[in-house]
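Below, chain A partners chain B and then partners chain C, in two separate complexes.
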Partner chain A sequence: MTISTRRQLLASAAIIVFSRAAFGHTILGKLPWRPNEVYPPEPLGSPGWHFFTPGEAATVDAMVDRFIPADELGPGGKQAGCTVFIDRQLSGPYGTYEWLYMKGPFPADPLPSQGLQSPLTPRQQYRLGLAALNAYCRGKYDNRAFAQLDADAQDKLLDGMEKGEVQLPEFSARMLFGTVLANTMEGFFADPIYGGNRDMAGWKLIGFPGTRYDYRDVMQNPNKPYSLPPVGLKGRVSADRSPT
Partner chain B sequence: MRRLFLVLAAALLPIAALPFTAGAAPDDYTQVERGRYLAIGGDCVACHTIPGGTQWAGGRGIQTPFGDIVTPNLTPDEETGIGHWSADDFYRAMHTGVMPSGAHLYPAFPYTYYTKVTRADSDAIYAFLRTLPAVHNAVDRDTLPFPFKVRALMLGWNEMFFRAGTFEADPQRSAEYNRGAYLVEGLGHCGACHTPMNWAGANDAARYLQGNVLQAWTDPNITDEQRIGLGSWSVDDIVEYLKTGRNARAQASGPMAEVVVYSTSGMSDADLHAIATYLKQRGAAGPAAPSPRPADDAQMQSGAVVYTDNCSACHKRDGTGVEAMFPPLRGDQVVQQTDPTTVLRIVLQGAQGAATDAAPTAPAMPAFSWRLSDQQVADVVTYIRNSWGNTAQAVPASDAARLRKRVADTAE
Partner chain C sequence: MTQRLPAKDVVVVGLGWTGSILSYELARSGLEVVAIERGPWRDTAADFNITTAPDELRYGIRLEMFLRPAQETVTMRNTPEQRALPIRRFGSFLPPNGVGGAGMHWNGQTWRFLPTDFVIRSHYAQRYGAGFLPEGNQIQDWGVTYDELEPFYDAFEYCAGISGEAGNLQGKIQPGGNPFEGPRSRPYPTPPQLQGYAQQLFAQASAGKGLHPFPRPSANISTAYTNPYGVRMAPCTYCGFCERFGCANYSKASPQTCVLPALVRQPGFEARTECEVLKVNLTPDGKHATGVTYIDTQGQQWEQPADLVLLCAFSFFNVRLLLLSGIGKPYDHAAGEGVVGRNYAYQTGSGSTGYFGEGTHFNPFAASGSLGVAVDDYNSDNFDHGSVGFVGGASITCAYTNGRPIAYRPTLPGTPNWGSAWKRGVKTMYNRAMGVGAQGSVMSYRDNYLDLDPTYKDDYGRPLLRMTFNYQPNEQKMANWMADRCDEIVKAMGAQQTRIGHLGVPWSVVPYQTTHNTGGAVMGTDPKTSALNRYLQSWDVSNVFVMGASAFPQNAGYNPTGTVGALTYWSLNAIREQYLKAPGPLVQI
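Right after this comes the complex of A and B.
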């Protein structure tokens, strides 16, 4: 074809551009498959805390146990591994918000629907926020840290943080409260491979069957109780025990 | 009128060519095409090609209990292939396992079966091989360790275990049965894998087609035996399996998937029907069923848990599977073989079914080695082998451990 008009030139260019994209990846014959091909979940890593200092871990332990206290329904947040979950998340890409746009401008009084409006990464929020909380406690409660308060005092303080009535020194109490509460729930209900939801305590509490793949056998039995225990990505038992 | 003449001429052409096939020139189209078909029936290309390499140029290592034997180049290259072989040389190799140089071939090249291939069929395969493009590919033909590398040893081996011979049709049986017998006992060399071997690597004629273990795969019993053989398969079941790689009962995987892809899926329905007829009518043979494991056996109870959590989503809790996608385990033959290697292996490293033109999906199963311990693998295999009416020996964890090591790095 000899290109004689502007339209032909543009059309040819478009064909070249689009056909390159269209032939990006072609599978011939049967679907690709290799024996022994596995993608096991990443292990929790070496024992001990990966991000928290022992003091920070004790504070988070105390907080998650007030958010989800141990009771007759099952273990609390600490025993279920929520602190381990948060520690491992902070030491990974979540800790730095690796995938988020983190530059300003940040409005002074954002609406809740605007999401995160702060340059602080989760690591910074925990490091600065927990320090501020303990500084506040030491000043107000006879030089005791948050973890050393009794449960009633902890509840009262957390309640004040949630409502914005408590002012921590140089850190937003609401931000700390919201972040730890959200991460606690994630840790309590995420798959046990991430360190929380130990022994599938969260799933057992709400009757979630876990990562079973197919329920046709069950659906053929209406009005009969579902009796199988939950199962996680690594099977029926929690893969990793407490690393601390 | 002219068109009618052409049609008649075309119809007569193959008939006219037939009497001249023996010893015909390589450009004899009919003989070459017959040879191409026979070479498919013999599954030659599967061994004489490195996976992903140039077809027919050899070089694939065949694992034997005595070491790996690398297959030769079958293209007509003068130096590295069989370019200097005559049709007589080729027949001699097929019929007696001896190369033109006088050196002996090992029975990994199944001349113990090919000896029954007729001279006309051997010549046709030879004529076909002459038409392949010559590929220069030198292959190390002496990879066996001492003393097995001494090819003259095969003189004694042949003396003990091999008789050159031609196929004798059984006049009491149908022509179809005899065609099947010719293919299975000769070119198809099914028994090379599916017959137990003795200490010297020779197929044990007394237990012909009763199953074997090779290259860490169980080659199941393919006699008409009910529990572990083809007893519960119909002739049509067998034909469908060989043609498409699957049927309602089973799905070909591992080495048999290769056989289906390279060989049986390219065979005519008439020949597949003949093979199935032969296998069904030959008779049944195999060990008596052991008593099934009791349901309160510790391995069975642990296996039931592993099965429910890992297997039941696809194979269903009652082991019936999903037709044409996930093979049923209930009543399955491979699952109940005396030797559990294939079941253990598929649990550990996964498997993919054969992809054929008739059934191109090739469903695959993922590997479970990463989330099941040796004990769990042994338990679930024991459970599968003894549930829903299945009966087979229990499997110890040591079997799973040994196989885990063996197949950890296999890429095929």
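Right after this comes the complex of A and C.
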């Protein structure tokens, strides 16, 4: 249920609505909620990609696996579900920057201290940015896409993008790099209900116990290792289903 | 077309900390009170449920409960010659939207300002000479003293159940508390929170340096508590989900946990949510408010007449409402005249991070928003400023507020941001890094101010507020001096390596700093330099009172809300004892 529908439901059922101001809510006499009422996050939805094309998904798979490689410390970004996470985030309000102030003008020369000033939404950044990255790779590496490069070449390219040394055709390499890296880390460390951090791989890596919500025992035993396994919002299990 | 509603005695704009307290107290006095809040109703049971509340992505990163810039934002530039651009995504500060206001998703660090903070201009002039104050400053005394505010600090702390250790009880210095604080009439309502391993090291190291460590006063309370309104709170479990989150445990003081359950039962009270106040309406001569106009979610406008208008819309939103309503003379930077928008200030942040050896288990996830041990030796004028050459100071604290890993991923300096080396780095340091931070004062200056933006508008076509702000040389000097003090302590705690965090200059909207925005509608004794008199009453329109940190003439080296709460009770007392008996200006010029 989306926030607005359940709010309306709530208004009709539990709150005395001021008859003439029907589109705000009037609260009179008692608190407007009912027992066991909670507002869960958006579920992952049907299997398959919701936003990415297969080619984009393959590129992102390759990127998240270089940002968080599978190694002796644990699973990589792809296995941990980072690509699924990003796909679902792009399908929701984050993907369109629906919540942000996106009215113009967008001057070309903002001050760095003025922060985000691009009109490009995350969906546009991925769509245009990944295409630019693959066009660059095809031109430079014998018609191969990013995902087809070997790990060393991928690392070198990503490093150049991070440092601003690589110019992609018609898209800021830095912007693409920054967005994908930030979203990868979100996916690796967010609650598994969002499709990433599968088997709590991110939390296990660093020793974050998740959402236990009660650490009075830790406070009473300073400087002792914490040994209980992590839990998420759905308990010990990861995502409720494996969507791809 | 605007429809007119039946008149009320009082209209409260915004149902956060200040709005909920005033609504309750005035409804209890028998007045008809309506509170109009632009965001949704939120409550512990439904909105901060334990099965959904500890969700870092949803609340901490995507900021679900905050104001969305699409609805309202401010434009920003560092200096008056620059072009301001809108803050498209909130970063440096996170404004509120919805019942509880920022008082719902705050951390809960609840301080009293020091006695000298309220008379800072005259105090510095007397001790160091008038020439000591920085260039371009507009530092002013508050028009109210610590002693006058003490009973009202007490009232707010007992409403919120604050946990702490008194350092000064009726003039007698108490062991374990802050020896620099002003005298308190009685102890904190609840004892201090537990502290972690890092805080124990900090307490030892700072005491070893001759400093005076004490537990930071906390609105994440240590034991069960029933406040004077009869509302019950439960002990904090150190879950590490305070700031940016609602508390599922009824442990963090907020309008939800301290006021609303009592408020909604008041027969004279009514709340209207998802209704945004557009302006305060005035009589044709501009001297008297007749009520407010607000808009509901379908775009229908309503006029709510009322005898008394209380602006409780959070710091700079109060200032925007004053400017859009034509109350008080707008600050004119070029002429150096006018008061509404004048003396906007903020907070400095600087410090040092320490990286400790193998076998250290700081367990940063076991935390609360106001856990921490602090020293106040370098705050306000608690030390001699003659040799350091700056005005102001900072509270220095060793704390974890959380160990939530999307945002908290410490690595040793020089570690790459990704790849296997990053994985090793974050695995190694997650439990072995800690920070000591200095939260510093920001003085008021001619060049730091708020006005209306000439270009950018909200959905209703009204100008956004424009913020012109930078850290001035005095604040840079102060904050960087404090960072060195923090670093000395971190080294004394036994860190193998440290990294000093200097003040970020120029001020940037990108990294989160604090939502401690102050000034713009300041209180004072002279209508030429203050928008409000000492009772937070508008000099120009005497049936409008303006609550919140917008009243601070400059900011001190602490979080604001203890003082915001105290000023609210102080103003309430004047409204009840004086204004309601004889409506009109409470201070004659």
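Some notes on this structure:
Simple rule for what comes next: the second predicted complex is superposed on the first by the 188 of 244 C-alpha atoms of A that agree within 3 Å, B and C clash if a C-alpha of one lies under 4 Å from a C-alpha of the other, contacts with A are read in each partner's own complex, and residues count from 1 in each chain.
By our rule, contacts are C-beta pairs under 8 Å (C-beta built on N, C-alpha and C of every residue); 3 or more make two chains touch, one makes a residue touch a chain.
For clarity, every value in this text was computed on a predicted model and none was experimentally measured.
Of the two partner chains placed by superposition, only chain C is touched by A:Phe189; chain B is not. In the superposition on chain A, contact of A:Glu37 is made with both chain B and chain C.
Once the two structures are superposed, chain B and chain C can be ranked by residues of chain A touched, with C on top.
Of the two partner chains, chain B and chain C are each touched by A:Asp214.
Using the contact criterion defined above for the overlaid structures, shared-chain residue A:Arg236 touches chain B, although it does not reach chain C.
With both structures placed on the common chain, the touch criterion links A:Gly29 to chain B and to chain C. In the superposition on chain A, contact is made by A:Leu228 with chain B only, not with chain C. Overlap of the chain B and chain C contact sets on chain A: residues 29-31, 33-35, 37-38, 40, 212-214. Interface residues of chain C facing chain A in the complex, by the touch rule stated above, are 3, 5, 40-41, 43, 45-47, 49-52, 54-58, 61-63, 68-70, 73, 76-78, 82-83, 85-89, 91, 194-197, 200, 237-241, 248-249, 260-261, 264-265, 267, 269-275, 294, 296-298, 300, 302, 360-363, 365-367, 403-406, 409, 417-420, 423-424, 426-427, 430-431, 455-457, 506-510. The touching residues of chain A, when paired with chain C in their complex, are 3, 7, 18, 20-35, 37-41, 66-69, 71, 73-74, 93-94, 97-103, 105, 107, 110-117, 155, 158, 162, 181, 184-186, 189-191, 194, 202-203, 205-209, 211-216, 218-220, 222-226, 233. Note for the complex: chain B touches chain A at residues 305, 308-310, 312-314, 316-317, 348-352, 355, 360-362, 364, 366-367, 369-372, 407-412.
If you check the complex, the residues on chain A that touch chain B are 29-31, 33-38, 40, 212-214, 217, 228, 231, 234-236.
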